Every structure is written in C-alpha cells, then in structure tokens.
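I've put the structures underneath this note.
Note that chain A is present in both complexes that follow, paired respectively with chain B and with chain C.
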Partner chain A sequence: MSATAAARPRPAIGRWWSALGPTGGALVALIVLVAANSIFTPNFATAGNFWNVLLQLSVTLLVSVGMTFVIATGGVDLAVGSVMAISAAVAAVTVDQGLWIAIPLALAAGMAVGLLNGAFVSYFKVQAIVVTLATLLAGRGMAQVINRDGALLTIEDPGFLALGRGHVGPLPVQVLIAAVVVALAVFLLRSTPFGRYVLAAGGNPAAARLAGVPVNRTVVSVYVLSGLLAGMAGLIEASRLGASAAAKIGQGAELDAIAAVVVGGTLLSGGRATLLGTVVGALIMQVIATSFNMLLIPYSWSLAFKALIILVAVYLQRPRRV
Partner chain B sequence: MEHQGQIGGSGPALAVPPGAAGTPPTHGAGGGVPVPRAPAFRSKAASMLQRQGAVVALIIVCIFGAIRYEPFATPENLLNVLRQNSMLGLVALGMTMVILTGGIDLSVGSVLAVAGITTAWLSPQGTAVALLGGLAAGAVLGALNGVLITRAGIQPFIVTLAMMIAARGAALGATDENSVHVDRAAKGIMWLGRGKVVGIPVPVLLAALAFLAGWVVLRYTRFGRYVYAAGDHQDAARLLGLKVDRVLIATYAISGALAGLAGIVLAGRLGAGQPVAGNGWELDAIAAVVVGGTLLSGGQGGVGATVVGVLLLGIIFNLFNLEGTITPWWQGVLRGIFLLGVVVVQSRLQRRAAKAA
Partner chain C sequence: MSTPDPILRMEGITKRFAGATALDGVDFELRRGEVHALVGENGAGKSTLIKIMTGAYRRDGGQVWLEGEPVDFRTPADAQAAGVIAVHQEIHLLAYRTVAENVYLGREPRRWGLVDWGRMNTDTGALLQRLGLAIDPAATLGALSTAQQQMVAIARGVSLGAKVLVLDEPTSSLAEREVAILYTLIRQLQAEGTAIVYISHRFDELYTVCDRVTVLRDGKLVGTRHLRELERLDLVCLMLGKPREALREGTTGFGGHQAEAEGTAPLLRAEGLRRGQKLRGVSLDVRKGEILGVAGLLGSGRTETARAIFGADPAQEGTIQLDGKRLDPRTPDDAIAAGIAFVSEDRKGEGIIPELSVRENLTLAALPTLTRAGIVDRARQREIVDRFMSRLGIKATSADQKIRELSGGNQQKVLLARWLCMNPALLILDEPTRGIDIGAKAEIQSLINELAGTGLGVLMISSELEELVEGSSRVVVLRDGQNVAELRGDAISQQSIIHAMAEGSAAAAPATLEA
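Right, the complex of A and B next:
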C-alpha cells in the first residue's frame, strides 16, 4: 500500500505528510489527538481507557474492513447496518437450537444479503449505492420481521454472551476477533491473487477484464465478505447488549464505516485500499467519541468535529488532477 | 447540449389527482411487447419505456388502488397522500437537480432540521423574518457544500456526508436536543404547514409551485441547460467555457434552500422545529429520484420524473396502509424490493436503448 504511494511522483517540498503514504495524514491526526488527549483529558492515558477504546472500536472495525474491500472495487455498501440487525435477529431466534446452529445461520444470513448486493451490482450493472440503499431499507424491515415483529429478544446463552463480554487472558474476545480479522484481511489484500483482483477491478474494470481478472466474481465476493463481517459485528453487538433490538443494532453503522475508510486513505473511486489506514481511521473516530465523552462535551459537538476530520483528511489525501 | 431529459408528466401533474387519470392501461402494457424483426422499434420502445416506465407503473398502481380499496379514490385520501409527500417532494426536487449534475446531497435531512430550528427561533420576529431566516440557513449550508466540492475538490458524497453529520450535530447541540416552539407571532409559518387554499393544503400548493418553477428553470433557462451539461460531461462543459463551478455551487444552494423550505413547512405543521427532523430523508429522496428514472450518473432525467417517483412511492405506502394487514416492517421490506426491481428494469432498458442507438 505504501508502495502505491511511493510510485506517485510528488513535489519535494510541501505535503510532507504524504511521505508517510496515503495513511500519513490520518496517522499524524491520530498521534496529535492521542497526545492532546493524554495531556488535557483526565484519565485518558490509562490502561482502563485503552481497553475501553478498543472494545468500542471492534464492531466498527469489523464493518470497516469489509467496507474497505467494497470501496476498493469502486462500490459502496450502505446495507451493513441492516445486515448487523438481521444477523443479530437470526441469532436471537435460533440461539435455543445451540450456538453451532445459531452463529453459522446468522453469518450465512449476512452473506446472503451480500450475495444479493454483489449479484445486482456485478451482473445487473446497477449502481452499488442504489442496490445497497434498497437492501438497507428492505434489510431493516426484514430484521424486524425476523425479530418477531419488532420485539426486543433477550439472549441468555452464556456462550453467546462471551462473544461480546468474555476474555481470553487479558484480551476481550471481541478485540481478539477484530484483530484476527484485520490480520487475515491484510494478508488477503496484500498477498493473494484475490487482493490484486480487488484493486484491479476497482482501478480499471475494463482493463482488468481484458487481463483475465474475473471481475464479476471478485465484486460478488467482496460484497459477500462485507456481509459476513457485518454479520459478525451484529453478533458481537447483540452479545454486548444481551439482546437483539432490530431497530437499534447497526443503525448508522454504514456512515461510521465509510468515514473510517475514507479518513484512512482508501479512495472512494476504487483501485487503492489501505487496511491499516482503515484501522487508523476507525481509531480516530473512536478516540474523538471517547475523549469528547470524557470531557463531558455534548455528543452533538463530537459529530461536528468528526465531520471536520473527515473533510480535512480527505482534502489532504485527494488525488491531484492530471 | 440539448437534452431530451424531461420525463413524463410535468410540474402541474402534482395538482391533478393521479387517480383521475383516464388513460387506458392497455396503452402502457403494449409498450413493452417486442415486435419481431423490428430492432429499431424495439429499441425505441425500450427507451420510451425506460423514460415512461414510472408513469406506467403509477397509472397501474392507481387503477389497482381504485378498484381494490374503496377509500382510495376519494379526494380526502388523495389530498392526504399529496400533503404527506409534499415535504419529501421539495427535498427530492433539490436532490434531482444535484443528481442531474452528477453529484449527490446526503445532507438534506440535517439541513432540513437546521432550517426548521432557525425558523422556530426567529418566529417571535414575525413570519417574514422566520421564513427568510430558515431559507437562508438552508441555502448557506447548501452553498457551503458546493464550495467545498468545487474549490477543495472533494467528492460530493464525502462533503455532503460530512455536512449531514455536522449539521445534525449543530441542530442537536444548539437546542440541547429539545424541540423549539414556533411562536404565535409567526402565524404565516403555521399557515404554511396547516393552511388550506380552496380546499387544497398549502404544502401541496407550495410543492406544486416549486416543481413548476424547477421544471421551467431546467427546461427553458440557460442555467437549466448548464445543469444538464455539468452532469453529462463535466470536463467537456468546462472546456466549452461554462462556469461549471458556479453552476454546481448554485445547484447545491438550491437543494439546501428547498430542504430548508421543507423544514419550515414541517416546523409549521408540527408547531415546532425539531433537531431530529428529517432523519433518513436523504435516502427516501434519492429513492424517489431514482424510481422516477433520473440516472444517478447525471445528465439524464428531470423534474417530471421525480414528481412521478415521489407519487409512486407515496401511493404505494398509502395502499399498504389501506390494506391494513401489512406491518410496518413488511412495508419496509416491500419498499426495498420494489426499489430494487425498478432500478434493475431501468438499467436493463437503458442498456438496451444504448446498445441500439
């Protein structure tokens, strides 16, 4: 990823931050944020708060990783929030059959929505934003239907609750899951043909097709992956809540994920992706939310600040016109 | 740069209850039947159906509604549908212009809330001040979108996403998350939301006027042609010497102002400006624009298409309610499926038309 950036010619003076690659601006912003908070926010630089940030980060991160792949192909997946709600609802109504049925079923439901998205985007050539807007609307309704018509279903299975509340050694389970997913995703994007295909399909689909890249299959896989990861995020969220609330779970998650991805330096137009950037982007958003919370600044102003960060980060990373 | 973009019924369509449409249904169904060995006719039919498909669907839905549900074709019900959808119509009108330039405006819902609150705040100063204040708030936020998009060179999706988040934050923060009451001094604002002129609700008249104005501007003015040109091929438009940046800024400002107007009407209707108003409206507006047949890629479509799109989605919602047995959750599912079906058909027809051309 930094290799792509190094290949781009740039003037020697100015834009020093871009020497760090497309993620550079975001990384600098993160360091500044953390440093400022360590000084000015009481109790920010503590171990307890460190885990707190990571805990709240993991759900956003799972969704953002899938979103990074989708955006790398030049698409977007607005349906992730609804997929989270669907997967939580499926788990809630099947958890009595045992975890080995409930969790795979929930993940399969997420992948099914992804498959639908991918099929419409690649084979029917409908714009991703329209397709996933439709599945966002339909998916939220579907989640309510599955959730016994909008009821709040509590989940008491201890194994399921461990997903969002348990620990392995000092590590919370959900942080572990997110870390493993990020590591696998980095491997997938950097070191496998699939990763090349994703970037090729996003950079120039026509050229990729001529070069023998299975563009349609790649695009479908990417949406399925996004559905799978959103499904996982939905399970963790339900486990944390101890219930499936179809109206609430994943509401607005698509915007958080898109923000994290673009702040990290992945181009919305596709063809360039950086998962580490996405991690940094998600961290920035979470640090802002947490620190504003600790400083007792109203939630509303953290929204305004987030918006500013998105604009500044994207402005600094914008590709120059040739 | 002349475009055949205008689709279907024009502005005044909103003022005429669509249930009264006397066109025989066979006319619509016949358009899709392929005639063997006449590829020219076939492609013409495809292109015609792509442009008029939403109108055909609207007529079919209305006839279905009139036959199946007795209360559907009553003036009260139809006026109610129009009134409920008039505010979304205003938002969708602005969205149409933005989408015609090849952009998108995700901030309309938040801008609507900011304008409603501004109007409620200014309402002790009287109707005129409150109205102008709300409109100005919307226009300024919209223009800011346009400036960031053109001058800073950031994609519309991101700029308006940031504006959506920031404006919602400002609306929540400035009001401490409480609604702001509209003062009695501003009777006119209340009238905008609740009044009637010869039996027709004021919001409906307002939306009809706005659509008529939008139709005239897009069809008959230089600015309107520039909007299509900017969306069709922005670099070419620039090379031709069009002031594309100014056109874009104006378009986003108009979208903001129309969202603001919707916010004012809503504030008048509710008697208060609410910081959570308009949440998710950007999605409904985009859906209405797309269902009408305006292409998200820009340059093709028009105001008439959006009227049809808004009415189609609104009437389907109305039919769900008249049916009575469909839960809101299933309504959501069905609406999503309907949207998906419409865009798939459109994209097929569009490609067929393009291939034949």
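Right, the complex of A and C next:
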C-alpha cells in the first residue's frame, strides 16, 4: 500500500523537502531563529558575531559528529565530556616533551576510552548508557588524577595555543578543524562501507550480521571515533583556556552534543543519521545561547528555551504511522 | 446455514490515502457464529478494511451497521466498547506482566479503589477454563509459548465482550500442534455465537476453519463465496483475477516435480551436525543445480541446520564440506567467503535494514567487493542494483526508496538479490515465500527454479508442503533435530512428507523411502 502511495509524482518542492528528510524542520527553525535575531537583536547580524558563533560552535560540533555516529548505531556516548578533560590533562602534563608527543598521546587517551566503551557495548552487550555513564564518572576522576589532583595546569606552548586562538588567513584554526572533520565525516558516512555498516548495525543488527557486516567491529570503531573527536575537542578547549582544568573542561558536553544530534534529525533508536542535521542542530543551540547572551537575558532562560526546542524537534520527528 | 441476520454489515466502504484509493466501494457482511475468511494479495485492501472495521482508520465513504444499528467508530477503543476487537499477528501485550493482568489491562477490577487481585485471577481462570485453555492466570505472559500468548490475546478479546473478533494471521508464529489448539478455540467461540474474521495466507487453514470467504483485489470487492462450494484453484483465480485456464496445474511457480541432478558430486555435504538440544545429528547433501527441500515441523531443527551451515549459530559437532573442501564456519563471514548465501525466515527481524534504501539493502553483503580505495564505487553499485532490480522485477519507485515501504514480496526479492549479486555457490532459503502474496510467491518460486537451472545449489526450507513437493528434487525430512527420511522422485508427495514428519522418528534408524 505504501508503495503505491509513494509512487505518486511529487511536486518539485515536495521532492526537495523530502530529500531533506527529518532535517527540514530543524533547518526551518534555524532560519527563523537567525532571521528573528537579525531583526530584534542589536549587533546580531555582524561579521564579528558570525565568527563568534562559529568559534563557540566548533568544540560542540566535533563532539556532536562523533555522537552522531554513536547514536546511528543505536548507542550513546555519555563519556565525551570526561574524555575532553582527560585529553586536555594528558596534553598539559606532556606538552613539555613537544607537541608531536603531547597531541598524539592526548588523542590516543581519548581513543582508549572509546575502545573500552565500544568493547563493553559490543562484545559484552552492556547497555551503552550504563557503560558510558561509568566511563563518564571514572574518566572525570582520572582526568583530575592526571592533572596532578585537580590543579589548574597552565599551558604556555605557543604551538598548542594556536589550536584555539590561531588563524589561517581569516579562518580561526578551530573552525577550520571542525569544518574539515565535518567534511570527512560526511564522506565517511556516505561513501565508505564503514558508513553503510554503521547504519546497518543501528537499523537491524541481526540482519546486518547475517549479511556479513562486521557488527561488533563497527560498533567498537564508532566509540573509538567518538573518543578521538572528543579528545580533539578537549585539546581545543584547553588551548582556548590556556590551561587544563580537569573539573571544568567538557562539563555537560555530552548533553549539548546529544541535543544537537537529536534536534538535527538523527534517530535516537539508530539506523538513520544526518550529519548536516547535526550541524544545523548545533547551530540552533549556539544561536540561542549567543542571542540570549546578547539580549542580556539570564543564562537560565536560554536553557529553558533550548529544552523547548529539543522537545519540539523530537515531537516533529516522532515516527508517524498511517 | 439458514442465512442468519448479519451481525456486522459494511456497505460501499471507500478509503483514500493522499489521493491513492485503497478501498473502493467494498461491501462486507458478517453473520453471527461464522468464521469468515478475508483474502487478497498484498495491496488488495484487507488490512485497510480491517482497520476501518476496528476503528483504527476512519472511512471516507460508506456505511457500517453493527447488529442493525449504524455505527461510526472513531478509535479502536470505540470499536472495542461496541464489541469489535482485533487480535493482531504481533501480540500487543505486556510480556513481563501476568496473564490475568494482561486480560484485564486497562479495566482492572477494583475494590475500594485498589486493584482486586483475587477477583482478577479467579475471573481470568474461569474465562480460560471456559475456553478450554490450560493456562495459569498468574503466569508471566512472556514465559508462555507464542501460541499460549496468542490464546491469551484472544481470551482478552473474549473478556472484552467480543461480538466480532478479527484474527490477523493468527497462525503465522504457531507450530502445527499449536494451530490445532487455536482451531479448537475458534470452534468454541463460534459455538458461543461470536463472529470471526480470519485473515491468512494459508489455504489449508482457510478450508479447515472458515465457512465463507470474501476476496478483495486492488481495493475492490471480488466476491463472497461459501468455501465448501469453492475449489482451491478457483479461489486462487479470484485472488489473481485470472481465468481458470490461465493457471497451470500447480499453484506454485515451480510447475511440477523437479528432476534430480544425477551423478554430480555433492556441492555441500554436512554430516552429523549437532548443537545443543535443537540439533542432534543432521546430515544432508546438496548437489549443483538441484533444489534440496528440507521439511519438518517447527522445532524440528530445520532453521538450526541452516544457521549451522551458515555459521550464524555454528555447529558444536559434525563436519561440513563445500566442493570437497572442509569448511568450519564460525561466523556468517566465513560462510559468505566460501560462497554460501542465506535468506532468513524472519524477513523483518533478520533480513531488511528498514531505514536504508533498496540500493543499500541490495548491496549490503557485496559492499567489500564494490569499493575502490576504500570508497564505495557508486557507478558499479548503480549498475548492479539496476541489473538485479530489472532481472528480479523488483517494484519500487526508485532504488532510493526505503525498503520498509516495499511489499513483502519485493522485500524478499531485494534480499535474494543481495546474495545473487555475490554469485554464491550455495543458496540457503528459509521459508522463502512466507507471508508473501500469491503473485509474488509464484515469481519467487520460478526464480529459485531458474537459479538452480544455472547450476546453483539450493537448500530450501519450507513448511508449505506444496512448495516442497513441486519445487524439490529431493526432500530431507527432519524431526527433533535428526534426519528421519529422505524422499526422492515419485516418493515425494504431501502424504509421504506428512507421514515422515509425524512418524518417521519412531524407527530408531533413519528410514529412507526410495522410489
């Protein structure tokens, strides 16, 4: 029946709209938000603010890209905030050995946490929310240990500081990194077998396994990827601060990322993912935060408004049965 | 039957979905105490009609009368309150709660505002006893067999005061002996005057349990007949909308007995496969170009044999040889690499990836061979998808349509194509035509036949005897995880298979019935 219903020719706009799929609603919301702010918020539509939004966005975006892959497999990674703190702490204590040691070590630490998460989720079949809740708690503690028992470790290496403060031409380095990561991730999801396997493992793991898809390996990879990207985000955050603050870096990052992913239209149950949607979702969250800040509305109100946006987005995307 | 007054009458029912007409002026009449079959191919409008009957959809045109009074159900709750109740093929009950809780879900008997557990359990017990069901009201629903859960779902309908009970493919997950329990229950309800609408793809059932049949085709009413006066072949003709002469003797797409591939060395030889309690020493061999049928009741080890050969649930003991070479598949990957393909009986649960497109589903297994420098080669992917969509006649708006939007038959074709594009040596099919409408069924059957003709070895598990008899070169019959018979040539008949399934294991040694 649905086949015959779908066989009707659609008008061009309808086709365009359906190609956007679940991201459509989020995109409309973003456009409305930006338009309203351009009119009502003084100085919103300025080049300075544009860069400001992008700067604030890049850390969330890195984490959200990893989260998109994890959620696409039907899992969730609550540990990303703690991984950010671990990676920053590792970089802070090893930065004197040189960047070529500090940065790979920091990223490797993030990937190691991801590997642990992935192994428990795939091979030991523990629920992702439980596994990553454990690493969220343990990871935060570990970051403080690495950080010499919670001290604030300042980092002065100019190369490292360039990560969060430098520019390439007009582009801030961190915006450039986020853009490259998004582009690579889109490519990974769309054009490689791995990307297909992620969606297959999330959409129907039993069927995927019988079709020869390496389901367990795919799930592990997804958490490792999430750990790697969270590690990157931690480095950028530390560079922006000029220090590693184990108790502060990445605090609540997992919730921002999950919100961005869900608002963008990726199914929480897995099997459907849209990175474009994640970018839109992250932008929505950032525009809200920035504009509320500029309008001098208290931070707590922006939280309430974000919550509203999340609920509306999820409501609009709920599976409909006819 | 002396034309009793109808309990439910529907006239000129019309339903449109965004322009497409799903039902076009359909009449339906249900009498007190009758079991009325509703049949039609996928897309005929059966489920739409049922959903309008039970309040899940609102009609766009037509009238409905229940016991002579015009009714207009806005929700399933409305219909339920009036006594029109649907029991679906997937059981919509709470697995972790007890039988009594499920029966009284949403209308628990109260005492001083609290749930009256005692009364709930006694009443449920009395109800189950009246229906002749040996089920403990205090048992956890999920711990019961599928059949018992189904009975509980029906009992719930009865306790809601069902005048009209709609059973949507009630036997799809039942074993043969469980089906018998269902039949007894249906007769019991019939005797109490309940009218039953019975939807099923299985002709045997329709003829066993139903009095009349209403046939739908493409959203239109074809007619209502007494089953006693309607030959099976004529019923098929009504469903397909073809004159009787257009159909050949068989109702399957195999078109009669298959010749045996004589003399060739076996492609697959499996010996003494064992795994736990389900698989207790199964041996079989498949030759190139033949279809080996595997028969057996549910729980006979049919599916387990297939899964062991495919490495999905590897055998703990026994040997498997493919083309003379020893094979020890521990994962599906191993079997796929060796050239074995497997289409599971559970299309939804283990076949399709619902959110992915036809193209992605079709090439899922072949992806590793479709990459260049780690990137999926879109041109080659498209070429393969186009080739197999046209060769298998897969009907979809485009290769980008999500597979969940396709009919069961088309989904099955996509899953077949998923393996055929890998050029397998051995194709294992577990219930290849289950839940597929008759037209697509015949197409898939003739496709399987054609594939075997090209030299592929096919191992076909089926619970449809017709399919086994007409499709197989040889039939291996399993029972309780062991071989009980191997039938060949003229010895292959529905009777001989049933005989072997029922009594084959009485003999200590596997009996072989030679032609």
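Couple of notes before you dig in:
We take it that the second predicted complex is superposed on the first by the 300 of 322 C-alpha atoms of A that agree within 3 Å, B and C clash if a C-alpha of one lies under 4 Å from a C-alpha of the other, contacts with A are read in each partner's own complex, and residues count from 1 in each chain.
By definition in this document, contacts are C-beta pairs under 8 Å (C-beta built on N, C-alpha and C of every residue); 3 or more make two chains touch, one makes a residue touch a chain.
Worth saying up front: this structure is predicted, and the values here are computed from it rather than measured.
By the document's definition of touching, of the two partners only chain B reaches A:Arg140; chain C does not. By the touch criterion defined above, A:Ser191 lies against chain C but remains apart from chain B after alignment on the C-alpha atoms of chain A. In the superposed pair of complexes, A:Gly81 makes contact with neither chain B nor chain C.
Looking at the shared chain after the overlay, A:Gly277 reaches neither chain B nor chain C. Of the two partner chains placed by the overlay, only chain B lies in contact with A:Leu255; chain C stays clear of it.
Of the two partner chains, chain C is the only one that A:Ala207 touches; chain B does not reach it.
A count of residues in chain A touched by chain B and by chain C gives the higher number to B. Put simply, chain C touches chain A in their complex at residues 17-20, 22, 42-43, 47-48, 310, 312, 332-333, 336, 342, 344, 346, 349-356, 360, 364-365, 367-368, 370-371, 374-376, 378, 395-397, 401, 405-407, 410, 418. Against chain A, in their complex, chain B makes its touches with residues 104, 148, 152-155, 157-159, 161-166, 168-174, 176-177, 283, 286-287, 290, 296-297, 327-337, 339-340, 343-344, 347-348, 351. Of all the residues in chain A, the ones that touch chain C in their complex are 1-8, 191-193, 196-197, 199-200, 203-204, 206-214, 267, 271-272, 322.
Residue ranges on chain A touching chain B, taken from their complex, read 120, 124-127, 129-131, 133-142, 144-145, 149-150, 255, 258-259, 262, 268-269, 298-304, 306-308, 310-311, 314-315, 318, 321.
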